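Please go over the structures that come below.
In what follows, chain A forms one complex with chain B and a second complex with chain C.
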Partner chain A sequence: MECRKCGGRASINMRQHKLPLCRDHFIEWIPAQTQRAIESYNMFQFQDRVLVAVSGGKDSLALWDVLTGLGYRADGLYIDLGIESSEYSKQSRARTETFASSNGLTLITVRAADELGVGVPAAAALTRRGRGKSCSVCGLTKRYVMNQVALKNGYDILVTGHNLDDEAATLFGNTLNWQVGYLQRQWPALEARPGFVRKAKPFCRLYERETAAYAFLRSIDYIYQECPYAIGAKSIYHKDILNRMERDRPGAKLSFYLSFLRAKAWMRFAEAQARLEFSACPVCGAPTSADGLCSFCRLKERVHERIGVSERTHSYD
Partner chain B sequence: MECRKCGGRASINMRQHKLPLCRDHFIEWIPAQTQRAIESYNMFQFQDRVLVAVSGGKDSLALWDVLTGLGYRADGLYIDLGIESSEYSKQSRARTETFASSNGLTLITVRAADELGVGVPAAAALTRRGRGKSCSVCGLTKRYVMNQVALKNGYDILVTGHNLDDEAATLFGNTLNWQVGYLQRQWPALEARPGFVRKAKPFCRLYERETAAYAFLRSIDYIYQECPYAIGAKSIYHKDILNRMERDRPGAKLSFYLSFLRAKAWMRFAEAQARLEFSACPVCGAPTSADGLCSFCRLKERVHERIGVSERTHSYD
Partner chain C sequence: MSAILLLREKRFEVRHGMTIRSAMLALDLEPTAYLPTRDKELLTDDEILRENDEIRLIAIISGGAAVSSEAR
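Moving on, here comes the complex of A and B:
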């Protein structure tokens, strides 16, 4: 197959766009597509201070690479989750630090254990959310830490490496259960609200195979391995179904996601759901919809009870 | 497995409800569930004149059987589509007529060819909607004839045998493309509007295997065969995906459909889409959103051009 741009040998074919490209043109195409998404959804501007949540995986490292290449002022945030199984955290941290230092980029590192007293898997086990439920503790911890770090350090926007496969799988899960609150919130960029930093997903229209190919062709050394706790996760099941549909009809995922974004203009959601009221957590000050501690402080409290830490502390003051 | 009600040998297990039942209790359960759906969605009352669209298949004959058993005043409407392949129309018409006469029920029969000049497959071929597109001509013809017959004969409501598998597959297809107009209209009962009879789907919460088991256990002689033109239809592809999900998690289809119905209370759809304006077709008087002939009269006109019928006629005056 020939590159659509130069007629050279194509390295990758984007079947959904009927677009074969050679290595060099593909490596130009990804940043151009990312820039288009940033502009289409008004994600951020060149003068904004951007914080990229990096895990050491292909998506987040590729995103950091693309954003700095495009000229954005993008620092990284790595959260060490304390996943010892398969040396997952150690390996992913090493990849992230190497990427940052070899590209001369600023990396902030936070250890979940400094917050919770123990790592995420141990916290999940201690609070009986173990076995398959680590993902909910992990998600809560990451959302909390990312938001707090971005706010306290004055970043204008927090970006994550979620790709189209991630977004389509999330949408699919939310649609199967018609979770209106989540459907309402799903969008490539979310406005800042009191206590919440602005967020965006610049890779939301790129297939996972495209971000993987980009990372590979750019010789980015990322961690290939999936998180050992992700096995059996619902999102993987949904990805599997969507992958079968994509095989049967190239572009199926993209059209599912984009038609949803278009349809949102026609859908209104009842106000009650829309205006979730937030108050400040009495311990850490983060916004919470609960009456009392925010969910992260509640998690921390449960963990601390188990491991015998009595006083309430947090590291953001 | 034992029947939940009497401890006798179970004939069927509704896995999604964890409910095994013997033949006799299952045959009671289906009408009770149907009655609950009729009441839940305010479909119709005992004094209403009900027209059941019957195809000769399990769902529609089972529905007619259940409704008359419950004491509703339900007549049948059979539309002879003129499908000669595998003698489909001949066989399905014979089953329908036998069911009606052996139960002493009133059956109205309409031939698509009396309307179009030729049967549905020929009409599809003549209008170049052939090969795989027969379904759209067939759907248009059935919707049109059902509505007109119900209105002209003064029925209060038209009911169809759509089961949960049908509804979930339709919802799935509409969701994959986020077709807001269709999502907005999908509901177990649709109000009458000028030119449109009230419609309802009393089996919308029953799995296809349940309606099939009911028809079998009630010894209803129905046509087993699928329509020969349905092969490769999109709805069958969507059913296949949903079947795999149901296998992995019993109740998946029911929860998808019911959560959608619940979510609709939280979703509003933009008004522009909601208020489709209808005018009367200048030929047949049926409501149409098009500027000019309604889509059925346009189809008829194209068919008549091909087969050399010149004057515009229709049989409802």
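Moving on, here comes the complex of A and C:
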């Protein structure tokens, strides 16, 4: 197969665009598409201070690579979740630190254990929220820490490496259950609100195989192994279903996601978000829709009760 | 008289002369979920498998910890 641009040997064929590209043209295409998404959804400007949430995986490291290559002022945030199984956190942290140091980039590291008293898997095991499955506690911890670190360090925007497969799988899951609140909030960029930093997903229109191919072709050393707690996760099940649709109908995932974004302009989702009222958490001050402590401080308090810690502090203060 | 597909620690022997895509489908592997490589070179999946080829498949799916779907 030949590269559409130069006629050389294609390294990847993007069936949904009917676009085969060689290595060099693909490596140019990814940043160009990312910049288009940044502009299309008004994500951020070159003068903004950008915080990239990096996990050591292909998407986040590729995103950091693309943004710095485009000329954005982007620092990284790594959250050490304390996943000891298969040395997952150790390996992912090492790759993130190596990427940052070899590219001369600034990396902020926060240990979940400094916040919770124990790592995420242990916290999940200690609480009902975890119920033996760490993903919910992991998601809550990441969202909380990312937001707090971005706000406290004065970043204009927090960006994550979510790709189109992530977004389509999320949309699929939320549609199956008609989660109107989540459907209403799903968008490539979320405005800042009191207590919440602005957020964006610059890779939201790129397929996961494209971000993986970019990381491979750029020789980015990312953690290849899957999070040991992701086995059996619903998001992966949904991705698998969508990939089967994509095989038979190239562009199915792209169409599903982009038509959703277009439809949002006129579909009347319940105004769930508008009705939510936030107040400040009495412990950490973060906005919360709950009465009393925010979800993270409730989780933390529960974990601390179990492990016998009494003081309420934040490691990143 | 065959080619090999490698996926993590697994090794699949397939007929040469077919495309990588056909070989993946025959093994019930979803072609959209893997990147085929030979000698650290990325390949399109219409590439014909040659005799004694060793193709390493990179699994691309990640996920698990829900971040995007939930309330912020």
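In the analysis below, the second predicted complex is superposed on the first by the 306 of 317 C-alpha atoms of A that agree within 3 Å, B and C clash if a C-alpha of one lies under 4 Å from a C-alpha of the other, contacts with A are read in each partner's own complex, and residues count from 1 in each chain.
By our rule, contacts are C-beta pairs under 8 Å (C-beta built on N, C-alpha and C of every residue); 3 or more make two chains touch, one makes a residue touch a chain.
From a predicted model like this one, the values you see are computed outputs, not experimental measurements.
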item	value
Partner chain in contact with A:T175 - chain B first, chain C second, else both or neither	first
Which superposed partner A:F256 touches (first chain B, second chain C, both, neither)	first
Which superposed partner A:W266 touches (first chain B, second chain C, both, neither)	first
Contacts of A:R244 with chain B and chain C, given as first, second, both or neither	both
Partner chain(s) touched by A:R36 [first = chain B, second = chain C, both, neither]	neither
Touched chain A residues, chain B compared with chain C	C
Chain A positions touched by chain B in one structure and by chain C in the second	179, 244
Contact footprint of chain A on chain C as seen in their complex	30-33, 35, 37, 41-46, 58-72
Chain B residues touching chain A - in the complex, by the definition given at the top	175-180, 237, 241, 244-245, 248, 252, 255-256, 259-260, 262-263, 265-270, 272-273
Residues of chain A that touch chain C when the two form their complex	1, 10-13, 20, 23, 57-59, 134-136, 138-140, 142-143, 147, 160, 162, 165-167, 169-170, 173-174, 179, 181-182, 185-186, 190, 196, 199, 201, 208-209, 212-213, 216-217, 224, 226-227, 229-231, 233, 235-236, 239-240, 243-244, 246-247, 289
